[in-house]
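One chain, chain A, links the two complexes that follow: it is found with chain B in the first and with chain C in the second.
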Partner chain A sequence: MNRVSEVRLKSSNKKFIISIFIFSVIFILSTIFTKFNPVVAFTSQGEFWRFIFVDFLPPNFSKPEQILNASLQTFYMAFGSTVVAAFFALIFAFMGTYSICNNKILNKIIRGIASVLRNIPAIIWAFVLVAAFGIGNTVGVLALIISTTGFLIRAFIETLDELAQESIEALRATGASTFAVITQSAIPISLPGFISWFLYCIETNIRASTILGMVGAGGIGLLMTGYIKQYNYHSASAVIITIIVIIIAVNLLTEYLRKILMK
Partner chain B sequence: METILKVEKLSKKYNKISEYAIKNINFELKKGEIIGVIGPSGAGKSTLLRCINRLIDPNEGKVYLENEEITSVNSTKVRNVRRRIGMIFQHYNLINRLSVMQNVMHGRLGYMNTINSTFGIYTEEDKRKAVSLLEMTGLHSFMYNRAGDLSGGQKQRVGILRAIMQEPLLLLCDEPIASLDPASAHIVMDLIRKIAKENNIACLINLHQVDVAIQYSDKIIGMKNGEIIFNDEASKLDERTIEEIYSKPMRELMIGGETYSEQSQRG
Partner chain C sequence: MNENVSVLSQGMYTHTVRYSGNKIKIKNIKHHMPIYIFIFASIMLTIVSFFSLDLDFSKAVSRMPKVVDVLYKLGNLNFENFGITIRTFTETVTVTILATIYGGFLGLLVGALAAKNITPCRPLSLFLKMMFSLIRAVPTPVWVLLILACLGFGMSAGIVGLVFHVVAFFGRTFAQSFEEVPDGSIEALEAVGANKFQIFFSAVLPSSFTSLIAWTTLRFEINFAEAAILGMVGAGGIGYTIMAAMNGYKYGRAGLAVVIIFLFSYGVEVLVTAIKRKVKV
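And then the complex of A and B:
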């Protein structure tokens, strides 16, 4: 018998098999501990659709001014907090990039603070702040400012490091002061990147601020939670539909702004 | 002639374990003199240039600009040193989203106070000077175009004008034509030589192309592994020395896309 051994593409499949095995074990353990049964998701469909069509729909828009008010609050929270966060992030980003601030220790401290701020979700900040200051819009705005500042510091530093290094070096070589280097080269070069990240944060903060409302941080989320707690599902569904419309509208708007501003 | 730049025992190591990027560099540059620096990639040419205007701080040695020692000046004074040294880059390093005029004006930033330089408020005199330089180089009609819309050769000429606006004593050119086609390369080199000779500006030019270096420089410095192994009149650079600098026989040395021997045959 003339057996020719197969030509393999990789030296070994061991890694792949081990990964699949570990993945499967974790999945099985997870479903056991959470008592999640995938079959239930299909068998209890009747109950789910009954809830949607009987309890939830049709939506009750009988108090439009209340919904409008809450939506505006949510929008203001998202927009206001993103603007404030972008302002602080810009300052700290310059302190966090070596090409502008050549102090490696300060760079590391700024990056460290940024990653702590952004890795703790806004909802946790809101939860802590609500406990400290009580329910209200201020808490929502503060929570968003904290997490967005962290995120934008990181995003702005990466934009600067990626785009502006060479032109910063060129202006340094002319003897320009650090302020002039920032306004005459770092900002003009990175502006489209900065704007793009800013718009991205507006989008995510609209979404986040609806969730923040649920822990008592004001806005449309608070209104929705209120209705749900009163078992007023028809009004709650009206709020949910409004939230979906707002999110889609803001996404379309930022997409449009990106197109005209990035030219 | 008057010595503008004097470099003494200059050395730089990027970190403790690495080799010297440049080691014990000594040379002088006189007013209006053009020195071409040649050598293979990694020979330390860029490091040498950046140690002179302190974009990189050397570990040892001294640099004198007009007899003033500049390696030890503090960070505020280093701006006064840099503004007297123009620099030209391989990738032009323009601010692509700003106008050609704005880019040329950047050459004045080192001479302005913080408020004016931060907000880009230039004097009429400086602006007129920029316009006349743009006219001289034929870039006048592009002055309000975005720098990013220009061709490579045009961008490099804007880069040169930015450096000239500094009214420098010394011009450091880091591979000024490495990203350009041969025709644009010659326009750029002609402009650098013309400006240097007319205004008596000393030039230190890093170049990959040996033939271009010989054609445009008064003197040649040959670098290898961070050290100077040749420093003399351009006419005294012979094939044996070139082979030693690049550690390769002449026929394998690719110059501007063709071998050196092919180029000399062509004339």
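And then the complex of A and C:
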């Protein structure tokens, strides 16, 4: 082995040992702080299974129309807010990327707003909005729109920067207007990427909207929390099973759409 | 030569574009037809959705001053009981860290068992993949509620509840990364008589390392957001502080907690971007 590779090996070994060390310290400190004992968690799983099989199962589907109604609400909430968010995000993404809107200050402002919107979880937005609007579907829709817009702005900007930059510059060089650049180059090239992110957001928002109901934002989560608070676990398990079915169905649907749209 | 450009490798679904030769892509209506139909259908469905939800837009608009008022009150940061806020925040961070670590190791194991190219038996791989989607279809707070029943209120329930989701997430994504390892490098080792463990540790793991790191950092960010809201179901953490403060109309305290959540998650985002840039080079 020659000297150079030996030195390189040593330095990468050193880095490896340092990362393992930092990692272990963080792990030990966290374990001490939370007093988390995985063995106890593993040995006390009997109660968990009893809870599932005795308290929760079998599910009680005695009010199917109520469950169906709530699931439709959840689906509408997730889908509608994702589309609205994608629309806003598209406009802001064009303002946030330097290759289309060459105003560095505006770019920074857009990116900053997006990062505030997406780094605060949707459910916390819902909390804040419930204080202003009261309990209802409006809160769920607005909370989802806010956090999804933040997420999609970043995703769209990155898609534009990675994919369309060269062709945008090429078109710019011919003297095309900004509008022409957007419609002839930026949108057609990044459209599959945009759609892919849009479908991803549909999936996450379906999940999120089931949770949002727990803080009073309507939909199937509200129904589930209601049953749990009344200790009506058999009806709650019916709602949970419905949630599982909805989420798996939507995942299959988006997978299918991805296949036919991304050819 | 084909050059694969992996767009946003941190996303759930990486989407690959091939530039073949020196062709420049031009706008092609026919090629994009399914997409235009899809967009049109989405807009229609959105209009239907908003009508069915019976959203009261006039009421929403009339309540706007109230939103500004609430945001203003939240912005009026209140450092009362700051010690408790910091304590619950530390709880959330440690829950995030432990859930990621335990989930990561378990996910590595189940991911290896579920990856088609290295699994000891095919039916096991199919079964595991079905389990992953089943587990992930149950929202985290529901898992935590179930686990609270056996572990009692506290951070342990939060950790275990999150680990359920994390294992299913890593199982799926890690298996996907392992499956992307070229067959050639596995076959080469098989040819010299290496056993399954040797193949995993000397071929599969090193060549999928960068994508494993990308998935882990993405999940860390998601875990923090999930851990931050677990307080609502009694698993402690900063979510509990926010809920208690909002219910007690102490908006300033809630606002401070929200700011702390934002700063941490923004910091993680910056750090993750830096790590990814370093690992990729």
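The rule is short, and it goes like this: the second predicted complex is superposed on the first by the 248 of 263 C-alpha atoms of A that agree within 3 Å, B and C clash if a C-alpha of one lies under 4 Å from a C-alpha of the other, contacts with A are read in each partner's own complex, and residues count from 1 in each chain.
Note that in this section contacts are C-beta pairs under 8 Å (C-beta built on N, C-alpha and C of every residue); 3 or more make two chains touch, one makes a residue touch a chain.
Computed from a prediction, not measured in an experiment: that's the story for all the values here.
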* Asked: Of the two partner chains, chain B (first) and chain C (second), which one does A:46 touch, if any: first, second, both, or neither?
  -> second
* Asked: For A:189, is the partner it touches chain B (first), chain C (second), both, or none of the two (neither)?
  -> both
* Between chain B (first) and chain C (second), which does A:247 come into contact with in this model arrangement: first, second, both, or neither? -> second
* To do: Based on the superposed arrangement, let me know which partner A:169 touches: chain B (first), chain C (second), both, or neither?
  => first
* Asked: Between chain B and chain C, which makes contact with more of the residues in chain A?
  -> C
* To do: Kindly classify A:157 by the partners it touches after superposition: chain B alone (first), chain C alone (second), both, or neither?
  => neither
* Asked: Thinking of the overlay built on chain A, is A:197 touched by chain B (first), by chain C (second), by both, or by neither?
  -> second
* Look at A:114 in the shared chain and tell me whether it touches chain B only, chain C only, both, or neither; answer first, second, both or neither. => neither
* Where does A:177 make contact in the superposed view: on chain B (first), on chain C (second), on both, or on neither? -> first
* **Overlap of the chain B and chain C footprints on chain A, listed as residue numbers** => 167, 170, 184, 188-189, 191-192
* Give every residue of chain B touching chain A within the complex, in rising order. => 53, 55, 79-87, 89, 91, 93-98, 102, 106-107, 109-112, 114, 117-120, 159, 162-163, 166, 172
* Within the complex, which stretch of chain A touches chain B? -> 166-167, 169-177, 179-180, 182-185, 188-189, 191-192
* Give every residue of chain C touching chain A within the complex, in rising order. => 5, 7-8, 11-13, 15, 17, 24-28, 32, 34-35, 38, 42-43, 45-46, 48-50, 52-56, 59-60, 63, 66-67, 69-71, 74, 90-91, 94-95, 97-98, 101-102, 133-134, 136-142, 145-147, 149-151, 155-156, 159-160, 225, 228-229, 232-233, 239, 242-243, 246, 251, 254, 258, 261-262, 265-266, 269
* Asked: Any idea which chain A residues touch chain C in the complex?
  -> 26-27, 29-31, 33-38, 40-41, 44-48, 51-52, 55-56, 72-73, 75-77, 79-80, 83-84, 115-116, 119-121, 123-124, 127-129, 131-133, 137-138, 141-142, 155, 158-159, 162-163, 167, 170, 184, 188-189, 191-193, 195-197, 199-200, 203, 207, 210-211, 214-215, 221, 224, 228, 240, 243-244, 247-248, 251, 257-258, 260-263
